[in-house]
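Both of the next two complexes hold chain A, though its partner changes from chain B to chain C.
Presenting the complex of A and B:
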């Protein structure tokens, strides 16, 4: 036995190392990074800034002039798909943040304080999850009116229950642990115990949840677009897929193919990354 | 707490949840939603017309009375009339339930049998090539947006290849069969990834338990271990997952029904959304929530009855 004390890596660092060391999850991580990078570049107008200009005839088939053909107004489908990355990443990130903030706050309060606060929060999320999310989504989107904010809010407000449940159960366990008793002994306040002590110990749940919520938000955007409640004023994969319902009969398949492919790749990458993160961060769930 | 007390408590919990659901619906539709007068009467309505409409819709009542009207509909299913078609909504729901079930029923049966069999197969060969292959396929399947599957499937298999009816519907068995085959196939494809993955996890959960090792070490064949022990014990989460899907059966399939012109409840909901038909949207929201709550209770109660290890809280 060596007497030297090895400095142990933090859980997050260890998880990151594990992801990078495996080929599949490393590729997934790189793909996600490319999408986020693309989104950043398009939002700065450095890439795909010509998404709204016509480059040729309407419904030009894929070829040398346009890699993925053109849409009804003769705009390049490929450029629009790239520009739409910005929309998708924005939706995934903003929706996840809304869901994580609501879910974590309520879950921590319920799990930590228990009693009547717990009863009320459990009642609240049971109520919320009793309404099928598609109906709730429609109702909220309908009432807020069309627009990008609606997409963010309606998806965010319908995505927090799962995390809230998990956080509540986890905090219930943690508040009985010795380190909280120790914090108690030195007179830590409730908010200090919750934010400084418990939150870092459950943060891996938030990271795992982020990958799941990102995925489902990007996919749900298609549903909202189909319902006519999607993003307006800029291209999104959802609206492109939805638009293609009228074009397919005329043999225009490229818009559907390009948008679906772009979406498939990032959703798949996030799926794989989520699994890898869960394996690395939550050893109890390993191999499932 | 004994079993009966738990079941009673669980049943009684339906009341606050149902009241809560009605509260959410009431807040969304009666407080936050835009004034229906704008939708029904247009911009140029007179004050008197608006007042009359408000009276007709019960909107001049105090909020608490309007809330109780919402609660009442959750029990009576008296949803009033559609703004768009002026039909009785309950009659519309009854008419749409049949066509919806003719798609969702077969889908429910086929997709579950398919996913469970596949999950058993890959759990049996866990870690082997076929397991990895199915896992990759499942994750890939889960990553394709379902709207794209429906659009592509209809265009390719029905329109291009002419293998199926493009759209349409005929009432009555067996007339509807040709119209529902393709939607069912497409939705089996859409749901197989998530389902297979879930069932595989559930089965593998059991496969690593101590009693399985015992069964194996006393010399039982792998096949017998799988079916007599593992499957039997993973039946509880499997059944739960199956029961929890039932409310979706009556909700219908939003994409498939509107693209294949199946006059079910999914198509009805879409029409209502496109026409700003508040009462129909509200009715479908209440109806599906009631179904969710009921089947949630059924699942919980079954869970406790079937599994004595279940801790009662």
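Presenting the complex of A and C:
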């Protein structure tokens, strides 16, 4: 049993080593770290605290005065893009956590107990996933009203089904293994077996899933904001792109370009990192 | 082989594309191409509470009165009425002579499919239909409490399984086939305006009964155009009503419209076919206009800079023969306070907020500097607007605002809770919300923006579930009463007074003023009320907007207007000029 835990530790360590040793994934890791660092600094008001102040006329083109030009109120687009990192990272992290908590809990329960519990949960997520997710997003946003919390919840509540399926299958496999039989023999409770024994053994799935959910949450926020259901009162890449759909008619392209670029870089970095993590963590791919 | 295939595909698509681009319009046919920026709710006059439905309904249905097409200020003239009514000395009884020989449009609802003659009884029926609570008419407010016995009839019939239309109501009677008499519950000179609104247009009982719930899609009126059936699509095509009566283009005009008299005396309508394109997004409509496929369209906010310089068209647009029409709209934008919240009873707080709002900047950002800053609620062009009046509390006066806020008990905003600002969820609304938030931050007032879809936003206002919110009001008729009623106590939500302002003194003065006939005394009263609301800062009045409309050189007789829902019948197309101008496209 203890060897199992040790092995999983070394797996994580090995995975990190593997990521660092590869150039592309190392760059991706650094970029993600920069984004997270920026988000932390802006939330502490150490960086981009002037995002709501005018620095010049409306719609200044990019130049020496403003790196990425200014928006309708003469605020610096560059500063706003940086401030919006905070929103994006917050949404990515919170949504992923909500999705992982729900997906893992339901998936483990279904996989471990089987029978009627499994049937109920499978029925529930099958039904749930048959509803087009964009409709569900809009519906939840309507019920809860507007705001950042709504975006967190609506995205979190619609992103757990995939993980739930994977976890369920994985747990079904694990509960037949010898180490669980051993745990049974010494009289471990269900919760002990689930949390102490099975969970660490499927944790690599959660990490991989985190990178994927983070990605799609950042993108979904843009869609919500474009539909007028997104974050209000603080900058987000989505509202910036929403603004620019009108501004394009006057030739103002920089807000769209800056927000899209910022989003593109983190989504790409997370994708590469996710791939590298999967390669490193998934035992089935090991040595390939 | 693959190369040949690719070539064939490319050639085919090229042929398809080019045929799409060069699709020639038949310039010899007189067709008007117009845009409706919103979907049409249907063709039931009593439900026409939005401008866009009202405009479509007015192509098919008509009322007793109409506004003279070529007179400004707006002047009521008879339409289905033979002449203006005889009004009793006490201002209570209005007697109309109805035009003879007016026929409903041909429809299967009539015997033999031939439309029958319209009579005074049809008006009695139509008005009762508006009052019938079973129909849940959105236009009931125009007559609510106005006609003697009508409210009683409404309440009595609400309890019955089927409303009794045969029961006589004192307020509206057909004395004979061609004489119609209204009796008001109390004096109300604005009553005549309601007879030019779509809500009171005449419908035929046979048609309503034949189509039942589907009546809304089967318009049959007396008007210039027919639409056999309405299906909610992207294009609505009207054709000339073959049995339309002899109605002529006006021969007299106010000085500014003398140039629109070329068609004087001609039989209306002037074009054979009208096509209305339903286009909610501004950019596609703007492109269509620029291709000559739409006859006129207002300049979208973000295309302003590329279309207009110094209030003139840019040379390339002018070269294509476009004409720019600029006209003030009878409206006001405002930021309202919900007075159910005791916080806003603090007059100095309201004044401080108003003083802190930079109207000049807002005008520049959202209206390209084309709107008139509103000093009060009544727009220019309506009696009661005070020329050259400057509201002492209109911003931006930052120092005064800060001082006023301190006097209100919230120095630098301390002690004031965060205020919720409700707006619809369009991009521009959200931007205006952000601007408001910035302005208030200057004096330390914290604002939280809450956006909702338009229907939900309206519902929140009606339920009094808002604190501060942004809105605009467009005139239903050219009388200050239509604006001042927005702050009249008994009109509280769900009525039009979404601010829930209720001041007994104002209410009394308002009641006194609205029953007066148009006169210098009434204007003086209106001005006093207007000034009172402005200086009390019952709402932060924003701007009176102007419309900037681009029309093609081949369109004749057009002028921008707020109240002529029936404008289409007067418009004409110069086909020769159209053929010539289209060569430049």
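A few comments on the model shown:
Keep in mind that, in the parts below, the second predicted complex is superposed on the first by the 274 of 288 C-alpha atoms of A that agree within 3 Å, B and C clash if a C-alpha of one lies under 4 Å from a C-alpha of the other, contacts with A are read in each partner's own complex, and residues count from 1 in each chain.
Basically, a contact is a pair of C-beta atoms (placed from the backbone, for glycine too) under 8 Å apart; a residue touches a chain by one contact, two chains touch by 3 or more.
Because the structure is a prediction, the values reported are computed rather than measured.
In the overlay built on the shared chain, the residue A:36 is in contact with neither chain B nor chain C. With both structures placed on the common chain, the touch criterion links A:113 to neither chain B nor chain C.
By the touch criterion stated above, A:126 is placed in contact with chain B alone, chain C being left untouched.
In the superposition on chain A, the chain among chain B and chain C reaching more residues of chain A is B.
In the superposition on chain A, A:246 makes contact with chain C only, while chain B stays out of contact range.
Contacts of A:233 after superposition: chain C is touched, whereas chain B is not reached.
On chain A, the patch touched by chain B and the patch touched by chain C overlap at residues 142, 145, 228-229, 242, 245, 248-249.
Within the complex, the chain C residues that touch chain A are 283, 286, 300-306, 364-365, 425-428, 430-431, 433-435, 437-438, 441, 448-453, 456.
Contacts from chain A toward chain C in the complex involve residues 52, 58, 72-73, 142, 145-146, 228-229, 232-233, 239, 242-243, 245-251. Chain contact summary for the complex, chain A toward chain B: residues 123-124, 126-128, 130-132, 134-136, 138-140, 142-143, 145, 215, 219, 222-223, 226-229, 237-238, 241-242, 244-245, 248-249, 253, 256, 259-260, 263-264, 267-268, 271-272, 275, 287-288.
Chain B meets chain A in the complex at residues 13, 16-17, 20-21, 23-25, 28-29, 32-34, 139-140, 142-148, 151-152, 154-155, 159, 201, 204-205, 247-248, 251, 254-255, 259, 269-270, 273-274, 276, 281, 284-285, 288-289, 292-293, 296.
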